[in-house]
Amino acid sequence: MLSFRQWAGNVWNGLKTTFTGLSITVPYIFRKPYTLQYPEEVPEIPTTERGLHNFEVDLCIACDQCAKICPVDCIAIEAEGKGKFARMTKFEIDYTKCLFCALCCEPCPTECIHMGPTFDLVGYTREEVIINYADRENPRTFSDGEKLPYEIVSFARK
Amino acid sequence: METIQGVKLNEGERAAPVLPRDIQSDELVFNMGPQHPSTHGVLRLMLRTDGEVVLEAQPLIGNLHRCCEKILENLTYVQGLPYVDRMDYLGAINMEMGLVLPVEKAAGVEVPKRAQYLRVVMCELNRVISHLFAAGQFGLDMGAFTPFLYMFREREEGINVLNEITGGRLLYHYIRYGGVTRDVPKGWIERCLKWCDRVDEHMDEYNSLLTYNHIFLNRTCGVAVLDKETCLDYGVTGPILRAAGVPRDLRKDMPYSCYEDFDFDVPVGPFEKGVAGDSWNRHRQRLREAEESIKIIRQALKNLPEGETQHPKVTRAWKAPAGEAYVASEAPRGEISAYFVSDGGKFPYRMRMRGPSFYNIAVLETCSRGLLIGDLIALMGSVDITLGEVDR
Amino acid sequence: MGIDAIVWWLFAAVSVVGSLFAVLSPSIVRAVFSLLLAFGGVAGIYAVAGADFLAILQIVVYVGGVLVLIAFGILLTGRTAQALGEHEVKNRPLGILIAAGIFIGLLGALMKSSFKIGGNATNEPTTEAIGKLLLGDYIVAFEFASVFLLMALIGAAYLVRREEA
Amino acid sequence: MILAEVVPLSAKLAVLMADFVGASPIWIFHAIGSLIVAVGVLALVVTPVGLGGVYLERKLAGRMQNRSGPNRVGPYGLLQTLADGVKLLAKEDIAQEGADLPLFRMAPYIVFLAAFAGFVVLPFAPGVIAADLDVGIFYFLALIGLETIGIVMAGWSSNNKWSLLGSMREVAQVVSYELPLGISAMVPVIAAGTMSVYGITEAQSGHIFNWFLLKDGYWAIVMIPSFLVFYVSSLAAAKRAPFDLPEAESELVAGFHTEYSGMRFGMFFLPEYAVMLSLSGITTALFLGGWHDPFGMSGEGGTFHNVWWWGLIWFFLKATILFLSQILLRWTLPRLRVDQVMYLCYKVLLPISMVCLVVAAAMRLI
């Protein structure tokens, strides 16, 4: 059983902590919101972001290294010719599978594949998020064309 | 020993007064989840209740099962690393740590000091983020929406800090065998310290808005008590065990990755209110641990040694020599560890992960008997499981 | 027939229809909710008769209290099959007989008393008069009733108390 | 619109109609007049204010949580509620299999009716009241009980166990908060000597120390506790946090309206705000002097004595402040547990209100 003192203490505590809570939440009404209005205001993406790939088809020699290291086999490469004269016909990345682990960028001998800061890719069907970077008629790129500083210190390029 | 409606209760299992036995009413069978606001993922609970009083709650898991360990056994060493991020997606770096440590021990790889420090910084950053999320989520379960968003705000900034160095916001893929992916960029240390200050500043706000609120205290103090013995019996680890009064923290007890260099406390329940191992103490434990983690981050960044961040021998095509090892480490939700066997081949021969949430979820069944539905939510919120790691 | 008489008949019809639903509905839950109509109709009759306090009281006590408690009781009982309308009626003839007997008795009492339908309804407040009557002329009966209710309350609390182990 | 004379609008209409039609009992015209005014109030005052209330809640909640709240539809997101209403109208009306269809369909109407009928006895300004019932407060409490029936009906007929649990909680909550709500409302009734809400407001005519909250100074010792009790119970009556148990999102999915969609859901959603508003209004009328301003300008002989627009401003100002406080509390506090609500109502609010009632009666006698 509660004594009257405890009872009154409970009531007092309830009122007091309610006002403590209000004294924290109410001042926020007069502060600037923290949120970004996304399509208008774009958040600052660090250059290290592992977003959608930035692929330079002209540099690629179709060596298949990136497809081999991919843990989920989301890269499909087809090329005509061999070695120096290779001509890409298909470089397809399946973004329904991609882990965005950036392992594919590391073994590339010509540094033609990077991950850029673009983080959104939408489509109505699965096919729309399977992207063929080697499609010359309908080129897709997810950066402004500049090469992003992708500094991997560890066992990249070894 | 007390019984309600044929269900035997252990000491401390009953938190709320129940109906007297002479009022007999029918039992309801609820299907809580996989789509329910507070099952935190695709957990399904079969509830047998008498009105509001839960007689039995059986967690049915496996909706997210994807054979994580088997996948690891069929991928090369490098390829496996991004996969473990997907286990506990709220403490991804700690999951990588749990995988990397036994493999390195079995192979005898000595990780450079700088890489070890960086690993510690990232793990602790991730722990703070995870605890902020858990505490906010718990408030949300208790009906307080606002503290959740305040904690999310700091969490978001922490994610940005992590993103700057790792390149990911949730699934980091930062730790590699023999080191870490990237070194610290310019100005990052200052930004990280600034974030630490910010979290410290706001900790009071969370506490007075949520932790010490009278209603919140009444909702959580003495509710769903998981005492020492139950915790130890069920192999419960992490903040839940420490809130129950067992000072077990692998960072202190079996230091790995240079944790012995840092000066930090292991907070142990019970704290100011409630009894050891109740929902409130679990919540308080997380916020206290976040404070301690920030201490560690500050020390590690202050004393960051110079040097390499990657073991020179461990390259992309590296294979672990034949051997086996088991190493446990402290993830935000408890002990993450792996038993690793290598036959010297391209793939790991055997990989077995021990995830904390999988063991923590087991207590739901015993601890939930006799609780009200509102208390069951308090129990689930304060136990804080990640289904990605339970189901693996 | 004056306009108030029409309204009276309307409310009377509502309460009768509500009561009939309550008696004849196979689903207990629907029966309970059709009591809402019956109580509402009775409240309407009170209002037409100028007894505004009584009309509101009817809604507060019967709809807000009694009906809610009956609904609560039904939700708590385990007889979901009956609540869903799968019960069978036993002893229907006996029930009809008793109901008819009560009806005839009430009809006789009604015939003997002189009720007027409508006509004398005023818009004057009755609260004060009721209060004065209850705490003036009928104070003994009022107090007796309240003591009786208190006894019932204590008895109920005694019945549902927890057995000492 | 000339409303300077203090005669309820409905009574005026009744007199007009009675003159037009001729001999017939006057109360029937009173009833019709009340109905017309009620519909007018519903269309012109309550619905816009209710929509505004929804907007205000969302915007304030956003700002309290360091977000911006609705800001896309119209300037500052003002049309957001309207857009949501249109969306609800356009949505499919789904009833789940096994639902008790007649009850399922009827429940929202009962809730809607009960919530909006409460505005009938609110005295917005001198002479502006839909129906000045002699048992106004009683009527108001009766309607809150009626709303409960609708909610129980919805919860039962949904054929969903979460809904059932929600309606059980609602019933448990109703039987506990109704007592302190009713008893603490009786304190101003004792002070004013009438149960008519209009009469109670008139009894508080004059400056701030004529308001019941601070009446003559010494009345405050019973009035402030009973005001607090009434306020807390009215939060429970409006099913607002920390008393939002019947629809507790994290526990019961959406409680009694889990299975409702489209406009039927809207008919649960909008009444929530209507009940909040009408409860704020009745609290204003009972304790905070209704339409009277704190400076005594609307009192006997004041500049704005019986000026309807002056009263309207003050009434809405006070009611809005109470409404806002409900929103602020909701977004600050966690939810109570079901047995704690009963503890609060039976062991905290009820004794306080009982003591206040007895003391107030004694003060009235002395």
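A few notes on this one:
So that you can tell them apart, the chains are marked A, B, C and D in the order they are listed, and the count of residues begins at 1 in each.
Quick note on the criterion: a contact is a pair of C-beta atoms (placed from the backbone, for glycine too) under 8 Å apart; a residue touches a chain by one contact, two chains touch by 3 or more.
Remember, predicted model here, so these are calculated numbers, not experimental data.
Ranked by distance of CA centroids from chain D, the top chain is A.
By count of C-beta pairs in contact, C-D exceeds the other of the chain pairs A-D and C-D.
Distance from the chain A centre to the chain D centre is 49 Å, each centre being the mean of its Cα atoms.
Separation between the centroids of chain C and chain D, computed from CA atoms only, is 27 Å.
With each centre defined as the average position of its C-alpha atoms, the distance from chain B to chain D rounds to 45 Å.
If you average the CA atoms of chain A and of chain B, the two centres end up 24 Å from each other. Among the residues of chain B, those in touch with two or more other chains are 51, 146, 153, 209, 213, 215. The set of chain A residues that touch two or more partner chains comprises 10, 18, 21, 24-25, 34.
Looking at chain C, residues 76 sit in touch with two or more other chains.
If you check the complex, the residues on chain D that touch chain C are 24-28, 30, 100, 102-103, 110, 133-135, 138-139, 141-142, 144-146, 148-149, 152-153, 156-157, 164, 167-168, 171-172, 174-175, 178, 195.
Of all residues in chain B, those touching chain A in their complex are 75, 78-83, 146, 153, 160, 163-168, 171, 173, 176, 178-183, 185, 205, 208-209, 212-215, 309-310, 314-316, 318.
Considering their complex, residues 2-4, 7, 27, 29-30, 33, 36, 50, 52-53, 56-57, 59-60, 63-65, 67-69, 71-72, 75-76, 118, 121-123, 125-127 of chain C touch chain D. The part of chain A that touches chain D in the complex is made up of residues 7, 10-11, 18, 21-22, 24-26, 28-31, 33-35, 37. Of all residues in chain D, those touching chain B in their complex are 61, 64-67, 161-162, 164-165, 168-169, 241-242, 244, 248-253, 331-340.
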